[in-house]
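Heads up, the next two complexes both have subunit A, just with different partners, subunit B and then subunit C.
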Partner chain A sequence: MSEYYVCTGCALLCDDIEVDIEGNKVATVHAACRKGVARMKGCSDPMECTVDGEKAEVDTAISKAAEILSDAKNPLIFGHGNSSSEAQKRSIALAKKTGAYIDDTSSFCQGPIVEAILQDKIKTCTLDDVRHKADVIIFWGADPSNSHPRHLSRYSYFPRGKERQRGWEEDRTAITIDVRKSDTAVISGDNRFYQIPMGGDAEFMDALVSALSGKVPKTSYGFDVKRILELSGVLKKAKFGVICVGLGLVYSLEELEPLFKLMNKLNEVSDFNLIPMVGQYNMRGFNHDLFEETGYINRVKFNPETGEAEHGAEQSVVEALRNRSVDAALIIGSDPLSSLPLSVSRYLAEIPLITIDPCQNLTATRSTVTIPCALGGVEAGGTAIRMDGVEIEMKKIVDTDKLSDEEILTRITEAI
Partner chain B sequence: MASVMEIYQLLPKTNCKECGKSTCMAFAVDLLARKVKVDDCTPLVNDAKHKANYETLSEMFASVKNVTETGLIVHDEKCIGCGNCVVACPVNVANDPLGAGSGKAPTSDKVIFKVEDGVVKARNVQECRRFGENKILCVACIDTCPTKAIEFV
Partner chain C sequence: MGFGQFLAAPEIKLKIVTYRDVFQNTAQETSRFGEDYEKLSAVIKLDPKDMVKLSIKEGETVVVKNAFGKVVVTAQSSGHEEAHQGIAYMVNGPWSNALVPDETGGTGVPKFKDFEATVQGSKGEKVTGIRDIF
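== the complex of A and B ==
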């Protein structure tokens, strides 16, 4: 045990994981959290290779998948959060070739925040900066104790860093702003937990901006003015602050303007950065890849003739399915039938569907073609982008005879 | 873990001295300190009217059979392997400042907490600050646990 591997349980991509291997299977995982262990130990129910519900050879399934995609006028390619960056690039090339809609989970997740960061509208930093420098950490609409179990222990609150030698005990302040008292809020302590009503985030931000400008902060829900002033005092004194934005905040804001205003104000009075709490291990990787290729992070439809990218709400996976404008779908490492509302996802079961995934899921049960792939970060290597935008190299841990999703996508593209 | 009073309430409260202690309260104190066993109270074991109390007490003390010398218990079913205790524990920090103390996987064998298969495992408990002659009431691992999976009895 001396080699470190990368855990692909969430977008923290912890790279200090040691494993014991017995008989080409991961037997014991050291240092990873329960989420990571569950992923690294592999599927309890692996997916079979099938065509029309019957067991099939991988070659047959790949040529059937290619046939479905080339017959379709407006196919949809969706998923990508659990694929390596190499596979995502292949997927984008495939979408270009077939004139497909291409989207990922950021479309209804952290998309707006990642977009703002890539367009340089928001100041950001890496998690290593947080470990070494951050003294004020705000978890806004996020509960890393449940979503990213090692966030607090590995980077944001507990560890000792170069400029934070006393760690959580004296050098760091954790603040939680949420609609409920989450597990993270309990760790922050009652004094540092600000409970706001649902949808009250934008107003709370405006109130904070007022407090930071020396005005009386007011909210329609009558939040204790003294506590907001006290919070603004803590933020003003911060030497290196960071806001970890969770889905609670993203879903609450109709537009990002209040967040931009708050970040600008915070950077006038002190130094503040923002990190999105990305869920799936390489969702941000897809956003980077597509941004490099087209200038958009998600919700793209390639024009079949010119290859130009059209972008907008209409090109999102949700709208494309709701408007029934797609006639076939390729799902990679995702389970939209489980995660999307049934009113939207029901249409997926009516069209030819291809699923590429290591494990069996609900979408696979309704698919025309299912192709099992190697488990990213365990049975296949590659690169992925962490939630803070740092590229992490993943090594293969155990061997498999399954193809990686990158190889499957390459072969489908070649067969069209 | 229950308090002395809670244990006392479950005892017969007759001060019969059959256990060798002068009062039931004294027995409760020793029971909590694990100097005696629940079965040492003969009226509680034999008398049918104390049956329910006997079962409650037995259950209460059965749950702590995995306890370490310092009285530290990790409830495996509650632990999520976040590693907060690994990084917060002052002994871990002192013994492994660049590994566990900096948020990374422990690199020393002297650490008390280590996460294995997603659950924290306690070892080297003799190093714990709650142990030995100069013991102090350290609560770093309990306070930082989001699921209350660590307990001292």
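== the complex of A and C ==
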């Protein structure tokens, strides 16, 4: 019987992956998308273990990292989206011990949505529910064809499901609402693509609520009233609807109120759920872990004396860097010099910086200490939380000499 | 040699929206320092009418800058997108992030998908290398 593995290329965590192994390396990857194949085969430039730019032994690097973190008054620990839940818990413990700021990517992307879900403010469902039941699927500010390549084929649009035996041809309607005609918009079809102006999402939601309430839907940008009414007709008739919320929507909303209103209205007239299109494979895991520990999903600073968690925008990675309130940083499985605005992340190069990652990245080039770790889901196992909140078990595929990030974090913590 | 070289290349201000691209993402998995990643990341997608205004052709490089940074990237004409004059698309990555403002209004969230920059033909400058962005 075949052995199936999990791809950690994105938060879909596809668990139907088969691999061929040659000489302790993943040589061929079956069933994954191209991004997943590249992830599982590993990068061509692995990170080296260094201290002050010179090659070093792992033990030396770990002691240096421990020294940096204990010397710092206000260290920052950031990343986590590409780490197992076990490693994330170690990281939270390390932050508590060192009185650190701790944050993850959700702080400037899907955080508000995951928070609303964990606080039971939004109705959600699993991707398996979507596969088996969803007949109306809205991609709002989301382009899974690029960000989550197998979303449409495994779950949301193309597959046959228990109650959707005729798949996309007859049983499912895909709708894209976006500022740009994305590849996903092309799949939805011109008829089902609603192009709105930048920042026009909240108004479009209000207009839909009006239409669903039998009122005339109006937008300041004069969106075709007939098209909104027709769309609201489709939503009303949905047996099982789902809104897949992408970053385009998250960034456009100043507050979530319009989304809450729309979800409430949709659930008065039909049945709708919402799933955040989480990017990194275990971002949601970090949110769950920190929520369990502190009651907050991200943006925490631990008080060094009391261990209490302070939480707010000021404790976010972006504001902590903008305000230069951190004096050292540990980055795990992330490349903030690439993924944050350079105007914000540039400060990292001015403070003692530690990077833990399987691959060389921009942040590593500016780091005092770099410690290579095993590639999650390939060289190390563990658990992770899929974008819909389902826990997924990852098995190790090949052996490696490298430590896992969990082990590295444990050893740094012990050395402090 | 014509007069062209003495005239300043036309410059226009555009709104920039970032997006994800699976090919660029794949290249990133393989190597952030590879040729493919640069080729697929250091790109700006322009409306054909804006390209005329800039008097540039597909595949030429342009200087994109604002108060926060400056990068040279390759101009591409949009594909299936609807007309989007005044708006340009850049794939999410270090090149677009060099331009994202640090202004957040204290919210902790930068405007990754809504910022302004000026675009101007570069007269043949090379694309900014990833190590030179910093």
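Just so we're on the same page, the second predicted complex is superposed on the first by the 415 of 416 C-alpha atoms of A that agree within 3 Å, B and C clash if a C-alpha of one lies under 4 Å from a C-alpha of the other, contacts with A are read in each partner's own complex, and residues count from 1 in each chain.
FYI, contacts are C-beta pairs under 8 Å (C-beta built on N, C-alpha and C of every residue); 3 or more make two chains touch, one makes a residue touch a chain.
Here the structure is a predicted model, which means the values were calculated and not measured.
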{"item": "First (subunit B), second (subunit C), both or neither touched by A:159", "value": "first"}
{"item": "Partner chain(s) touched by A:150 [first = subunit B, second = subunit C, both, neither]", "value": "first"}
{"item": "Touching partner for A:33 - first (subunit B), second (subunit C), both, neither", "value": "both"}
{"item": "Greater subunit A contact set [subunit C / subunit B]", "value": "C"}
{"item": "First, second, both or neither for A:233, with subunit B first and subunit C second", "value": "neither"}
{"item": "Which superposed partner A:46 touches (first subunit B, second subunit C, both, neither)", "value": "neither"}
{"item": "Subunit B versus subunit C as contact partner of A:295, first or second or both or neither", "value": "neither"}
{"item": "Touching partner for A:307 - first (subunit B), second (subunit C), both, neither", "value": "neither"}
{"item": "Touching both subunit C and subunit B, counted on subunit A across the two superposed complexes", "value": "33-35, 37-38, 145-146, 149, 186"}
{"item": "In the complex, subunit A residues that touch subunit B", "value": "4, 16-18, 28-38, 131, 145-146, 149-150, 152-155, 158-161, 167-168, 183-184, 186-187"}
{"item": "Interfacial residue positions of subunit A with respect to subunit C in the complex", "value": "9, 33-35, 37-39, 43-45, 107-108, 143, 145-147, 149, 179-182, 186, 195, 198-199, 247-248, 251-252, 299, 313-314, 316-319, 322, 335, 337-346, 349, 359-362, 365-366"}
{"item": "Touch list for subunit C against partner subunit A, complex", "value": "15, 17, 19-23, 25-27, 29-34, 68-69, 80-82, 84, 87, 89, 93-94, 97-102, 104, 106-114, 130-131, 133-134"}
{"item": "Residues of subunit B touching subunit A in the complex", "value": "79-84, 86-88, 93, 97, 101-106, 114-119, 144, 146-147"}
